[in-house]
Every structure is written in C-alpha cells, then in structure tokens.
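Both complexes shown next keep chain A, but they swap its partner, so chain B is in the first and chain C is in the second.
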Partner chain A sequence: MKEFSYERPESLDDALRLLAASGSEVEVLAGGTDLVIAMRDGQSQPKVVVDLKRITEFYPSLMWAGDTVTLSATATMAETVDDEGINKHFPALAEAAVVVGSVQIRNRATLLGNICNGSPAADTAPPLLAYDAIIVVAGPDGTRRVEIDEFIVGPGRTALQDGEIAVALELRLPSRPLGSAYERMTRRKGTDLASVTLCATVDDAGITRVAFGSVGPRAWLRTDESGVLADPDASDEAKAAVFEEIFADATPSVRSLRASPDYRRAMLRVLGARAVRRALRRLQELQGVS
Partner chain B sequence: MSEVIHIEANINGRDRAFEVAANHTLLDVLRDQLGLTGTKECCVVGECGACTVVVDGMPMNSCLMLAVEIDGRDVISVEGLATDGRLSTLQQAFLDVSAPQCGFCIPGQLMSAHAFLQRNLDPSIEDVHEALGGNLCRCAGYLQITEAVMLAAKAGRE
Partner chain C sequence: MTANGSVGSSPNRVGGRDRVTGAQQYVADIHLVDELQAKLVKIDEGRARIISIDTTKAEQVPGVQLILTPKDLPHPMPRFGPQYEDRPILADGEVKYHGEPIAAVAADTKEAAEEAVALVEVEYEVLPGVFSIDAALDPDADLVQHPSLRPNEPFAHSNIKTEFNFGWGDIGAIEGEADYVIERKYEFPMVTHFAIEPHAFMVAPEGDELKVWSTIQHPFQLQKTLAKLLDLPLSKLRIFAPDPGGGFGGKQHPKLEPLVAYMAMKTGRPVRLIMSLEETFQAVRRSSTRVRVRLGLTNDGDMVFNDTETDYLIGAYVDIADRVASKASYVAAGPYRVPVVKIAGRTILSNTTPTTAFRGFGVPQITWARECTLDEAALGLGIDRLEIRRRNLPEKGVEFIPGDTPADGDWRQTVDKAAELIGWDAPLSEGRGRGIALGLKSGPTTGLSYSTVRLLADGSALVFCGTSDMGQGARTVLSQIVAQEMGIPIERISVIMGDTAIVPYDQQTSASRSTVLMGTSVYRACKDIHGKVRAMASRIHGMDEADIDVDGGTVRFTGEELPIVEVVQEGLGSLGGEVIGNGEMRKDKEPDHPLAGSAAFFEFNCTAIEAEVDDETGEIQIIKHVTVGDVGTALNPQQVHGQDEGAAIMGLGHTLMEVMIHDEMGRIRNMGAIDYRIPTSKDLPAELVSDSIENSDGPGPYGAKGVSEGSLLCTAPAVGAAVREATGLTIRDLPLTPQRVWEAMREQT
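Let's turn to the complex of A and B:
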C-alpha cells in the first residue's frame, strides 16, 4: 500500500476542512471494505485518508425520529440488518443488507459506503431506490439533500463533488401500505457479487415499482402504473409485456465473467416476478393486520 | 517516510501501546510487528476469512482494516483463546471432532465461531453456516467444523 497520512477528525467541520485542504488526493474512510482493497492494489493512491469514525455527529449511527430513520455515514450493514424498524418497514433493505459479503464484512461495511462506492452491483441500491432514500451531503457551502436516483450516476460515480461528504441517508415511512421484497442472483451463496439485483414494491393503489442493478452502468428504478403487475389475476403474457418495458434499459456487460448478458436478461424477469409476488404477499399481510 | 501513529489497544487481554504505520493493515501489524502469526494471510480481499479477528466482540477481516483503526479497541486473535495454557472449549471441540485438516483456515474459523457463540449458545446448523459463511476451508472440512461449533455450544450450555 502506498504511503499516505491518516487523519481522524472528531467533528464534521474538521473533516470538511481536511477535504478542502487536500483537493482530489483524499479518500474518505468509513468501513474500508472497498477502500483498503483499492489502496492495496494501487487503484487508489490518496495522499490523505480521512477516517470518519470518530466524528461525533455520526452517533448514534441509526436513529428514528417521527416517520424518518436516519442512518449516518458510520451505520454498518450489521446495524441496518439488526434494526427492528428497518425490518418491519423496509424489509427489502434488510434482505439486501444481510446478503452483503459475510458477517465479517457486514460488521464493517457501511450502508452509505455501498452507495458512494458506485458499484452497479451494490446490493442495497435497488431497495434504496425503490424506497426513495435521500442522501444528505455536506460540503463547504453547507448541506444539500439529494434523491438517491440523482445521487447514483454510473460505475464508481455519484453526485458527490470534491470536498463533499455523504453524511447520512434518510428513509421516510411509506405514506400508504407498501409491500416490498428483494431478490438477487449469485453464482454461490455468500461472499459473491450479484449478477442481478432487484427490488419490487407494490402499494395498495396497485402501483408497482421495480428497481434493478448489476445489468448496466447503474441501478435503475421503473414504475408500472397500469396495475398489471400488482394484479394477481393478470395473465403471464400481460405481465411479461410490462416487464419487457421495465427492463428495456438493461444492458448487461458482455465482458463480465459472472454471467452472460442473455442469462442476466432472462433472470431479470424471473427475479422480477418472484419479487413482485413476495411484495404482494407482504402487502396483503399488512392489509390483513390493519 | 510513512506516517507513524501511536496507538493503544487491548490485544488478547493485555493493554498495549505501540506505533503503527498509517498504511499498514491490522493483519500486517499482528503478524509482522506483534508476532501474532496465528492470524493467517490469504486472499487479502475479504473473501476467505483466514485473517478474521474479533474487534470489540465482532468478527472482522483484519486484511481490510488499517491497524490504526484499532486505536482504543479490544482485539482478540486466535492466540487469545486459550487461557493459562489450556485450550478453550471451542478449540478443544475442534480437536475432538478432528475439524482441522491442513489447519490454515482454522484460526479464522475459530474467531468467527468464538464471536458467534458469545451471542448464541443455542444455534441451529443453519445459524452456524451463516455465522461461518465468511470463512472458507480449502480442505472442505465444513461438516466437522460445524459439528465442532455445535459441540462447543452444547458444552457452553451445560
């Protein structure tokens, strides 16, 4: 690993000052499960590493207030998975976070880091898109709030500018009953990058949203307002036509060793149908209870 | 010159103060600086678990952490499991069912299992598989490894 200087600010202001002083030769460290690998193989050669884990504003890492849960830059996958409220209200996020890497990785890797890293295969991107997560970004000119759909740009790229830090991720309780589910396709269970990631949500008005990743430069969110996907009585042909449209932008890489483009496209439909089915069942359970 | 940072950490029950280079991983420092070579280096990308240590009660891949990140924390490596020259129940269980073959993955397996049993002494086989899912065994001794963890859990309940 190349040499760098290590900084461990205790306040967000100090962290921002350090970033401003180091220009583009700085890396921000939270869980480090991607960064340490990148630094070791020289893909990343920062002059300065700014560790976020002593910043007091980031604790507690996960907090509920009213109808919103805020996960700071230090909230790990394990903390996300262990939170009762997340499991209850955002089950697809818990399902996505719990399959990331291994126990060891989930104890370290952060939810926000998963998004900032910009991998098209990020497990948590589809559920966060489907749940309309907001990313809170702090910079020299103050704080801005970015919808996750705007925040995710392309492979390794986000809306973050030099000098900015993604400080938190916010999720608001759905305004109406919402069923949701996450599905992924991997070659083996555990410690594998996904060949397809997909989250479906269905609300009580019959609107279905499908977010999917690992089949193009970024994860996408698409909506079916026709009610066909949410209709248990709709024919398979009718659903296939809707899925066709939803997945029109999927452009799986031909260079990937994980799965061929044809296979990924075929699996998108399988996972889509599966996730919608499970989301519907959850919606029905919710309605049964209320 | 690499930046050198003074850190204090509890390693295997002993408070220690020492200097680490900013660009050294915890794995580097454990093995090359502290002489704790029980922790193994293998894939160095977080996939095999051979480098697993327990930090503040949680299993983590030491190949993915900077050593400086353990400042102020409690670290247990495989050398910290035995007390007064006696193997822990878990280590003994691994021996009793002959879980180690070449042995290379075993320190990591032990650390994942150790942290897991602190939280759950009544696991199902699936729980054990999940807890040890981040530890690969090239000799494929998974059956015996799982059996050993179940045995240690049972001993812990009694």
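Let's turn to the complex of A and C:
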C-alpha cells in the first residue's frame, strides 16, 4: 500500500472542501470494504483518503419520514438488513443486502458504497433499481438528486463528478401494492460474488419490472407492461418470449471465471421466473392482508 | 485409576484455545531484531527463457539491502528435493512454471521490498509450455526438464518422469472368465491445499549456526536438506517449526527455505519471507490425473480382473509427486479381492506448479475413477451398488494385495454401518439420489519416531517429540497417552515440539501416522519410565521386581496399589529430580516390497451420500453425508470425528467447486480466495454424520489406526453416484459445479 494522508472531517462542508482541494487523487471511505482491498492490491493509489464516518450530518444513518426512508452514506448493510420497515416494504433489498460478503463485511460495508463502487455484480443494485431509489449527491454547487438508473454508469463508474459525495439514498414507499423478490446465482452458498443478480417486482396492475446484474457492464432495469409475466395463466412460451426481450442486453463476459455466458443467460431466465413467482406470492399476501 | 484426559475420553484440545483466539504464535507472528523482509521477483508467464535481470533501478530504493539473483548463487545452481534434487534455488535460466521465483529482494520494510521487486527489469522470451497431459505427451512438445538433469533415466528424452508397474496374475489368461468387461476414463483436475496459514519462512544467522523458522511439517527433513545444500553439520542448523495453521501435505517438504537461507547468509541479518495466500497457488497443488479403469466381472458381480492405467500430471519439479503416484497406484484396485490386477502408472512433467503430497496422497484421484466405474458396472449388470461392493470385500486377515499387509479390519461392518446410516433401502424423494463408495489408502510404509517423556518430581510431565501439530490434535492425543500411562491429569502435561535442537528425531508428520508411530514411541517412553518405577518400588519396598506390576498409572504388588507419582516421589527422595523415559518406534524398509514397505495399517472408509439436484440450475445439495471409518480404537473420539468431518468437507471441496484454472499460456487465473472456492460452513451438507468402527485391531497404542484422510478418499464417487441416480447423468470430470451439471443435463435432453 502506498503512503496517503487520512482525513476524518466532522462536517459535510469540511469533507467537500477536502475533496475540492485534493482534485482527482482523493478517495472517499465509508465502510472501506472495497477501497482498502483495492489500495492494498495497488489498484487504487490515492494521495488522500477522506473518511466519512465522523460527519455528524450522516447520523442517524437510517431514518423514516412519512413515506420515505433515507439511508445516509454511513448506513451499513447490517443496518439495512435489520430495519423492520425495509424488510416489510422493500424485502428484495433486505434479501440482497443480507448476502453481501460475510457478517463482518456487512457490519462495515455501506449500502451507498455498494452502488458507488460501481461493480456490475453489486447485489443491491437490482433491488434499488427496481424500487426507483434516488441518490442524493452533494457537491461544491449544492445538492442534486439523481435517479439510480442515471447514477449507475458502468464498471467502476457512476454519475458522481470530481468533488462530489453521494450523501444519501432515498426510497419511497410504493404507490400501489407491490410484491418483490431478489435472487442470485453463486458458485457456493457461503460468501461469494454472484454470477447473476436479479430482482423482480410485480404490482397490482400486472406491471412486472426486472432488474438484473453481473451479466454486463452494469445492472439494467426492464419493464413488462404486457402483463404476461404477472399472469399465472400465461403460457411458458409467452413468458419465455417476454424474458427473451427483457434480457436482450445481457452480455456476460466470456473471460469471467465465475460462469460461462451460456450458463448465465440460462440462469437469468430461471432466476427471473423464480423471482417473479415469489414477487407474485408476496403481492397476493399483501392484497390478502389489505 | 483413570486420570482426567486419559485415552478414550475427549478432553479439550491442547492448544485449542490459543488457536481459536488468535494467541497462537505462527511463523508470521514471530519477529526478530534487525530482520529484513523478503519478496520474490516473478514474471506473469507460464514458461519463459530469462535473457537478463537488471537490478540497477531496484537497488536505488531506500531500504533495499539485497537483490539476490542466480549470479549470486553457486554454480552450477544448487538443487534440492525429497525424491530428486531437481528444484533450483531460483529459476535456472528458464521460468518453468507460473510464479517460479527469478530473484528475491530483502529490504528493511515490506513496502521497500515490494517497490524494488516492481523495479527489477527482467528481459525474457516467452516459450511454449505444456500444461496438460496431452500437451506434455505430444512427441513434438518441448521438454520440461533437460535430459542432463535426469541422467540414467529411461524417459529422460520425454516428459514422462517415471513409469510404475504393479499387479499380480495374468490378465490374458483370465480375461475369458469375465462375463462383463467395462472400460472408463475419469479425470481429476488440479486443486490446491488452501491451508489458512500460507507458507512462511525465516532464517537468522547466529555465530556459526543458522536458525530457521518454517511452516514445515517435517522439520528434520528440512534440517537434512539445508545441511546438505549448505554443507553444515546437522548440529549447526536449528529448525523451529511452530504449529502450522493447516498443512494437508502442502507443507511437508522444503520449498523456499534454501533461498531465504542464502539471503540471510549474504546479508548477515535475519530474513523473513511470508507468502500470501495467492502465492501458495504457485507453491503447492495436487496432481491432476486421468485414470483409465478396465474391470472384468462375472454376471454375479464378482471381480475377475482390474486393469488400471493412471496418468498423474505433475509440475515442473518432482517434489514428492513420484511417490504420491506410485503409492496410490499400488492400491488402485481398492479394498477388494481381485484375482488378477494390472496397474500401470505414470508421472508426467508439465510447466505447472510442482505437485506434492495432499491429504489422501494420490488415492482420491484413482478412487474417483475406480468407484465410478464399478458403479457403471453395477448398473450394467443390474446389481445393487452396495451389494457389488460387499461381495468383493476381503474378510479380515485376508491378504488381498499379495505380499502386503492383510485386510486389517472387519470392513463389512464399516460398509453396513454406512448403508444403515444413509438408509440405503429407504424410498427416495423426487429429484434425489444416493451413492456409496469405498476408499482404501496404505498408511505409512516406513517410520522412525523417537520421543522422551520426563516425569517430574511434582507429578507433572514433559513430552518431547518431533511431530507437528497442524490442527489434527497430535498434542492432545500424545498427552492422553501419557496421562493414561502415568496416571496424571492431562492439565499437568506439556508437549514440546517444533525445535530440532530440543526434541529427538522424527521422520515426518504425514500419512496419518502420528497416533500410531509417535503414539507408540511415546507409549514406549512411558513403559521405559514404568521399568524405572518398578526398580524404585523394588528398592523402597524390598520386593522382587518380578512381583511388581506397573500399568496405567498404578504400581501393584502384593496387596498394595500405589499411584506411580507416589512411588516416584518417595523414590526420588529429598533431592527431587525426575524419571526420564525414552521411546522409539521404527518401521524399517522392506527392500523386496514394491513400495519398499508394507502398510503399517490401512485407512478404510465408506462414504454414503444422499443428494438433490436442481434440474433448472444444476446445483447439487447434499442432503445427507455419511462417513464411517475403520479406526481400530478412537483414543479421542471427538478428534476422530473432527478429522473425519474435516476430511469429508475437504472432499466436498474438490467434488463440488475447487479447480485451478490456467489460461492458454499456463498462467493461473484464479489465485486466491475470490475465484478459487472452498466450502464454507454454509456449504456443509444439510446433515453430516461421522461414525467409526472400533475393534481395537490397529497397530498403534491401544489398537489405534490413523484416521486423518479416510473420509476424503471416496467423497467424489459417492456424490457422483448420487447425482447419477438423481438425474441419470454420468459425469466423468470434476468438480461437479452447477454449470457442469447443467451442461450435462442440456446435452442429455
């Protein structure tokens, strides 16, 4: 690891000033579970590391207000998994967050960091896409709100500009009953990077949304407005045709060691069907209750 | 009187608390004053000719004390190895496998060493390498080892290292008696040991001595190797071998200690080289194999002949790979009575990581092929897969390998127990299947273990022995023997290991030998003390020694029973002192035996699996995993189960997920924990049952046999059989990853 200076500002303004002063040779640290490894391996060699964990504005890390939950840059995977409201309203996010890394990693890694790291295999990207998360970005010129689909750009890349910090992630309660589920494919059940990640949501109007990752440069969100996927009576052929279209942009790498492109494409369809089935079941449970 | 922790109980692991709390001192935890940090210079190629090494820029890095290149070493390049002296200290003009060290840097800090490594300029020409059996055997292939390195070897002008031929009877003469003949080929890929503690080495020159710290399993072998390379008396080489964090065979033989010794001697300072997990992939692996099995059977399922060919793809240097291949090939026919057996084995050199001993010592690869082929035969003959195995098992005492140790257990009990535990005849749920397989491995064929036990005046004891406790629990079992024989609680016993200047010679810690061989040695050291105690009792009580019996911590003579410790305290008198016992266990070579020694015991295991296969994803879930071993006597039942479960889970690793992946240039692509997957606690079978058959019929103390490898021998064929029953698929290569199973399912439809 190369030498670097370590800063631990206590206010967001101080953090932004440090970023402005350090140009592009700065890295922001929250959980550090990706950054520290990249620095140890020499892939990242910042001159300055700005630790966000002492910034007072970021606490409490997870807060419900009206129909919105806001998770700050310091909200960990463990906090996300443990929150009753998230489990109730965004179960696919809880399902994705609980399989990130190991217990130790989840106690440290942040939800927002998982997105800012820009990994195509980020477990939480598909559910956050499917739930229309908003990323709140602070910069020298103030604060902007970015839809997550715009925020995610490609491998290791986001819409964040130099000098900006992703300060929070917002999720609004679905406007109508929504069932959702997360599925992933790994080489083993223990800690692993996924070869396919996928989240499906189904609402009471029969609209199905499928977000999927680890099969291309970024996670994608696709929508089936035809109602076929949400229709229990639709034929397997009809559903297969819809999935074909949904997954048309999947371009799994031939160089990947995790699984072959053919296998990944096939698993997209398998996991897609499974996630939709579970999402439908959850929707029915919701409707049964309401 | 039974002291706490005696034989047959399961006291807390000696050293276990330190191991799990992180208090244990591994080599990497030990620091010396004035030490230098070493790093290796490598290139990212599978094979290359080295044209030049320019260290000018690297030498400018502040803190760099030495950059050792081949020109700093004696000419010709010194070489070493446990079987052939073929491994150079540094790459000798050619990088023969991915990661072979070209040079090494020693610096004041690790960071400086790393920076200098990056600045060493190596000019090289990439050469075509051989990375598979077929490529190595191609008549046009380049030679991995130059023939001049292999004088007088019949295959020196090819990549075949050695051919082995074993067997009995004449296949041609008996072939006609077989009603059914089946021939199959099975492959087993490259896997690595993945000990949680990577290899670490440290050497400190002190006066006319060298002190060496290593993660080595065989400290006395390291001492011999360095003594020869450096022309030093054994007495001037002191090897410290702190308890390793897992070895599995990958730490048996010297690796980079000679390099570090040269660096320490050049600089006159302690030098330490701590390898990363990633680097261990370039240090040790299991031989990959292709095994062809041809079985002849009668319609009733009786074996008529077994004709097996084993090809072991070994690395660029032999290490112990020839021994692995020959010893395993020798028992290729398994635990069966087979009238005629013909075994032809080969080791084949390649431009890959040198292969070495690995739990099971070459046997899992052959067992995968034999047991799967036997299953295919059973299916072809319409005979139950359990029945075909039972009917061919030898009775206890039957010499099933002519000239070797007869069957040393009632193996049918083991098989029946496993069948019962898995519920072999119970109805199966949809999507599930069961498999059963047998494994047999020769225990040690030679051995030499000395030990000293010192019974101190206060009734505590010290045990000195050269065994390495790498997690298998040798300290505990050896303590238990002393507790039993001295009648003192285990808490009052300390075991001293891992220092060749203090403990007496031990040949090695391998082949599940320590309980049997070192255990016998320690038992004899206790008996030596018993003799001295008898003399003491005779003196004190004015009795004839013949009328005094000393056993299990108690001294008995007419009408009286006294604890040993009491007699000793009275006998030692006011000056105190101690009673010293020495033990020796020797199993000499047998020159006429094909392996130069018969098996001290056999490790015999039966594994039975129930598995479910996801017909959409190809994922295999192990519903129930049963392993039963024939252990003689479990001196510590909990540790026997621990070894059995550990080996079973390791077996699931190579069965389901582990494989070293190389690119077309021979570069390992999945070094480290991210893309080389081993099972975690979440990957365990839904139910794992370990059981033992105990008939006290082993050669070790109290009738013990060795137990550390058995349950890994036949995991793969048992899982493969369960998958076949669940899906109808026969897959003849490992690992059985979801993708591989899915691809096979897709081809099937």
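Worth a mention:
The rule is simple: the second predicted complex is superposed on the first by the 290 of 290 C-alpha atoms of A that agree within 3 Å, B and C clash if a C-alpha of one lies under 4 Å from a C-alpha of the other, contacts with A are read in each partner's own complex, and residues count from 1 in each chain.
In this text, contacts are C-beta pairs under 8 Å (C-beta built on N, C-alpha and C of every residue); 3 or more make two chains touch, one makes a residue touch a chain.
None of the values given here were measured: they were computed from a predicted structure.
By the touch criterion stated above, A:Val49 is placed in contact with chain B alone, chain C being left untouched.
In the superposed pair of complexes, A:Thr33 makes contact with chain B only, with no contact to chain C. In the superposition on chain A, A:Ala20 contacts neither chain B nor chain C.
Shared-chain residue A:Val103: touches chain B; no touch with chain C.
Residue contacts after overlaying the shared chain place A:Met1 against chain B and chain C alike.
When the shared chain is aligned, chain C comes close enough to touch A:Met185, but chain B does not. In the superposed model, more residues of chain A are touched by B than by the other of chain B and chain C. Shared contact residues of chain A with chain B and chain C: 1, 189-191. Contacts from chain A toward chain B in the complex involve residues 1-6, 8, 29, 32-33, 36-37, 39-40, 49, 51, 53, 78, 101-105, 107-108, 189-191.
The residues of chain C lying in touch with chain A in their complex are 111, 616-617, 656-657, 661, 669-670, 674-675, 677, 679-683, 737-739, 742-743. Note for the complex: chain B touches chain A at residues 1-3, 5, 21-25, 44-47, 49, 52, 58-61, 63-66, 68-69, 112, 116, 130-131, 133-135.
Looking at the complex, you find that chain A touches chain C at residues 1, 185, 187-193, 257-260, 263, 266-267, 270.
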